Amino acid sequence: MTLKVGMLTSGGDCQGLNSAMRGVGKRLFENDPQTEVYGFLDGYAGLMQSNYRVMKPSDFSGILTLGGTILGTSRQVFKTMNDPLYPNRSDGPTKLEGMIRTYKDLNLDGLVILGGNGTHKTANLLSENGLNVITLPKTIDNDLWGTDMTFGFQSAVNIATEVIDGIHSTASSHGRVFIIEVMGHNVGWMTLHAGIAGGADVILIPEIPYDPLAVAAAVNKRAREHKRFSIIAVAEGAKTKEEAKMSKKEYAEKIGNLPFLSVAYRLASILDKLTVQEVRCTVPGHFQRGGSPCAYDRVLTTALGVAAADWVIQKKFGVMVGMVNNEIVGIPLKDVAGKVKSVPTNHPLIQSARNIGIYFGDEDLENG
Amino acid sequence: MTLKVGMLTSGGDCQGLNSAMRGVGKRLFENDPQTEVYGFLDGYAGLMQSNYRVMKPSDFSGILTLGGTILGTSRQVFKTMNDPLYPNRSDGPTKLEGMIRTYKDLNLDGLVILGGNGTHKTANLLSENGLNVITLPKTIDNDLWGTDMTFGFQSAVNIATEVIDGIHSTASSHGRVFIIEVMGHNVGWMTLHAGIAGGADVILIPEIPYDPLAVAAAVNKRAREHKRFSIIAVAEGAKTKEEAKMSKKEYAEKIGNLPFLSVAYRLASILDKLTVQEVRCTVPGHFQRGGSPCAYDRVLTTALGVAAADWVIQKKFGVMVGMVNNEIVGIPLKDVAGKVKSVPTNHPLIQSARNIGIYFGDEDLENG
Amino acid sequence: MTLKVGMLTSGGDCQGLNSAMRGVGKRLFENDPQTEVYGFLDGYAGLMQSNYRVMKPSDFSGILTLGGTILGTSRQVFKTMNDPLYPNRSDGPTKLEGMIRTYKDLNLDGLVILGGNGTHKTANLLSENGLNVITLPKTIDNDLWGTDMTFGFQSAVNIATEVIDGIHSTASSHGRVFIIEVMGHNVGWMTLHAGIAGGADVILIPEIPYDPLAVAAAVNKRAREHKRFSIIAVAEGAKTKEEAKMSKKEYAEKIGNLPFLSVAYRLASILDKLTVQEVRCTVPGHFQRGGSPCAYDRVLTTALGVAAADWVIQKKFGVMVGMVNNEIVGIPLKDVAGKVKSVPTNHPLIQSARNIGIYFGDEDLENG
Amino acid sequence: MTLKVGMLTSGGDCQGLNSAMRGVGKRLFENDPQTEVYGFLDGYAGLMQSNYRVMKPSDFSGILTLGGTILGTSRQVFKTMNDPLYPNRSDGPTKLEGMIRTYKDLNLDGLVILGGNGTHKTANLLSENGLNVITLPKTIDNDLWGTDMTFGFQSAVNIATEVIDGIHSTASSHGRVFIIEVMGHNVGWMTLHAGIAGGADVILIPEIPYDPLAVAAAVNKRAREHKRFSIIAVAEGAKTKEEAKMSKKEYAEKIGNLPFLSVAYRLASILDKLTVQEVRCTVPGHFQRGGSPCAYDRVLTTALGVAAADWVIQKKFGVMVGMVNNEIVGIPLKDVAGKVKSVPTNHPLIQSARNIGIYFGDEDLENG
């Protein structure tokens, strides 16, 4: 009997979304050319409002290398609801009711959801409400609980590293301090990997609140050692020890005063007063999550996508398709939802980095 | 009789400096293995303080692809004088005296200077003071008067374009406005080229003061036409019509209040109020001037570098080695010094861009 | 009155075809949203057999960065005629009659043709037969007469250079001779530029027949000078002095015995006997003409494409849109057709290359 | 007490060798600035002939991104012995004696060896002879027994994938069959990963002997299904079912007749007769192992390199530093030596590939 399968991408986009959907689609059609695949537009908003397109085999050709997501995505549903691009939208039922209704109206056998942390809370909710849900771990942050690796991460790390590489070559010509702001509001995986890969001298991540004085001391120490420059990789969500003590509200107020002012620029204005060298900022921003997925992510997404399709065929639901110890496993959605995989402050990579002289901004100024 | 040739790189670094010096060095040593080449460190500061290294043929091997400059460079000499990395420096004579003295002490036959606009003022001054000077047009800004092309420009445009490409693929997944800040404090060549090459919807350059309302109108018009996103390429030095009327001092004061705040973030906070879509910023910064030169710049720098060496051998001085109508020509330093090659507001490329619907922020809101 | 414009891409594909068509299409629709644009499939074959698709504005969105050509192309029409993919094709009239008939049946106002040398012979023939033809100079070989630059060239040179760069870093670790085969059956522009940009030690191009012994001598001389490796950039069409004397038939017979054997492998088997070092080959092949156009080509194609559209609107036909001394000019098709722009053996770049010690295989073994 | 540590790189070079040595060196000097590090040149040849350079901390700066190996390497020692670059070499003792003698003369505390399969046989031999040996798993082939991943692999896969990407975009414009020869004489890991990542239609690896007719059938089937082109990723060591039955000698004789003729060209001449479409070849060759390591390999090599240094400090020898289930572990050299990690023909990735319609050339022509 022919399967009816829904698919959607939610949350911030990243590399590998299209190649993952390609794996799902190609496998479903290879299994049964009659399979009906419904692609919901702009994430949960499309499911909520029954806004979809029927996907044919040809829709999955030529998208392996394509950045972004051909289905579109959305972060905040409430924003999408008011989106001028989609005026014709009923606002009647609750969002959950709307999503369940669409699923039942289309008489779907399963729903494949590609997303990150926020997405998984909703995915679990839908699963608890009886929908046949299976998810794929999408995020450049690599902060999904239960899987060793998320797709998008290695591609984004490559780009952030490429940026640091470029800064490196120009830095070597000037006596300067360069600050590169790497994506990651809540976790430091990207900054840790890109910082090590790019040869950063200082790495600042959310998990390790930093002391601006310790950062300045590290930079000045390098200058005294006749090292021409210092490169600081700082995560968007890195906080000073003082900021780390603040409530979300207090912190928002502090930052809010400077609209769109990034952590890099904030750190720059501090260091500018504490170092003799000029300070420069680079904020690659969304450049890090755009473009074609790297080979690693293409292989990973193909393997995960095919597995998701196989599990839909086998009616194995309620799980996220993850990678643990190089094997594909299903992690129950209820275990994934609401958890965040932060960088342990004693992670071996952090120790390795410290062991070759990389600073994390938490050094003891008196005995350091 | 064996030649003694000095070489230095001054001003902001860029791609192609090392490959240009390679062309000069390889040609000089091919002509006479006994040639003495003196590389002054950190630009004019090295010449001023007789801070140099003798360069051997091997110093020019393997640097063709190397970003930055192996001699180091400096923008503001006064800063370099106080540079903690070089404490042992006399501050006695004037800078000019120091430079002339070094030249005469070393009994140089010629001095090859690689630099941009600021550099050429000093180069012309040295030439007027009797030094045998020949220069090479280095700048990612392509704003040197007298040559069709400067090296570094095409490489930097490639990177800025690559950044816009990455933003493009992520933008297509979200309904957003993306602002990419492209280098260029005084001229818009890079932003114009990268904006067209990256498929930007709005291009803002210093030569064309913009009306924030016109930019917002363009962005909103696209949203109404169901185009999911808008990409704005803005030059560091782009100014609103209001800012363009300010004196340097007034403008500095306006900006100064927000240390390290970029034009992209300033524009973002305005647009955030005038558009329904989310606004995001990308500031690639020095990433644009780092890394390996593109093939175009490697060929250009090799041709120019070899020509500079030939002219030193032929005792042809007082000129910048430029490219005009695909031919290498010498432009008198006095003609280059102090001039800036801005983008003519009626430049064919700007007309081509307008003709395919690209906005420049100067559109007439009432009849536009 | 609404214009009806045809468009086709012919000959080997290259980077920039889609961005050039984008320039044409966006300009035509910006000028008049009602314009009718017909895209003929697979080059002249599509025109011949009235095999086309009507192109809408949306067809020109998102193709700026796309490699290849969305219209498809073909090199040998006779092959395409038998193409299993298009069985339903009449073979009645002559090819020329078929093309003229399609043009008249569709009542076209003009036909924009993107192609290289072969393409221009036919384009000129069509023009002489009364069709309103305008062409764009497409080829990675840069061998079109009348224009300083063709699009695709800089992009292809970048890739060939990137390949040589990669070989360089591995070569430096081994004592080896590496041969890189660069595209170019008839001219050496790509090999000359990529060879210089990649830092090749030996550059072999069709315009300068080489002596294998001179190449071996150059390689061995470097080994004796304790240079660990030698890199040879050879054009597909490079010939030994002996081969250069052969007739096309004699040469074909000589090569024909080894089907698909490349010039690189032929040279390798010779050098293997004449040098002490191991010899390795790299044949990037079509990799050189694939992928996204570089920024230079995107700007060039946009400018040329918009100009082509403007000239169609202005009814200026019978010319190729070229670039001469940085200005867009129209070169009469009859002047372009049948001519080839070879590399002059005394070209300044060749002289610059010789002046820094690059070999061209024509060195005099006795006095060299 | 100050440590004396030797280091060498052996076998074919690859990305990550320098960054791995950087990890070792930086860790050793961070632990004790007085550490003496001896870098042996050109692999075991340098150890054999006491040909080394003393390495300072500065030698490990700026090499993180550098391709190749700053120590040089060699595959066949006998060749290196006759290397014209190093004439001053005694040929007295056996190679093993020479290596042991150098180790004892320098009174080394440990020897860090970076290499692949061949290298590990010798490393194990040295270990069995009482030398304190620790090794790092270097190879683009990923065929070292005992570790999940070798460094160089992901970087090389990225390049091979980039090549297939380029071919893809040009292929889509022509009705052609493209054959890309991917490195791998003995195992198919690279071809499998790059083939999947590049979206190849046919993947041929040494572990799965292929039937040329099955490959032709797959290509023609795609043509009949109106797919314009077919892309074949073939490993250097891929063999037909017939060739797989041959003895090494028989096979060598068969190939030997066509010096330097690659598997791609051999396959091309067969397919040319069995398909209607034109066939083209791309042989990226050593381009795949050159250039800067990808972020993944930089992080991996830093972690492994630091661990190797730590184990030298802790006097933990006789092991290869490997990665198993994302943890760094020591694998006894005797377990690694002489083993090869081939691709299991039932590997999940192969199954995933087959499940989305990728051919492996072993399909049953009658019932397939």
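By letter and in written order, the chains are A, B, C and D; residue numbering begins at 1 in each of them.
Throughout what follows, a contact is a pair of C-beta atoms (placed from the backbone, for glycine too) under 8 Å apart; a residue touches a chain by one contact, two chains touch by 3 or more.
Because the structure is predicted, anything quoted here is derived from the model rather than measured.
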| item | value |
| --- | --- |
| Label of the chain whose CA centroid is most distant from the centroid of chain A | C |
| Same-interface partner of C-D, chosen from the options A-B, B-C or A-D, over half of the pairs matching | A-B |
| Length of the line joining the C-alpha centres of chain A and chain D, rounded to whole Å | 31 |
| Where chain A and chain C are represented by their mean Cα positions, the distance between them in whole Å | 41 |
| CA centroid of chain A to CA centroid of chain B, Å | 34 |
| Residues within chain D bordering two or more other chains | 165, 168, 172, 292 |
| Topology of the chain contact graph, where touching chains are joined (line, ring, star, complete, other) | ring |
| Chain-to-chain touches, reported pairwise for every pair that qualifies | A-B, A-D, B-C, C-D |
| Chain B-facing residues of chain A, complex | 9, 12-13, 17, 66-69, 72-75, 79-80, 82-85, 159, 163, 165-175, 178, 223-224, 226, 228, 258-262, 265, 268-269, 272, 276, 278-292 |
| Interfacial residue positions of chain D with respect to chain A in the complex | 23, 26-27, 30-31, 62, 64-65, 148, 154, 157-158, 160-161, 165, 168, 172, 193-194, 196-199, 292, 294-296, 298-299, 302-303, 306-307, 310, 325-326, 328, 348-349, 352-353, 355-357 |
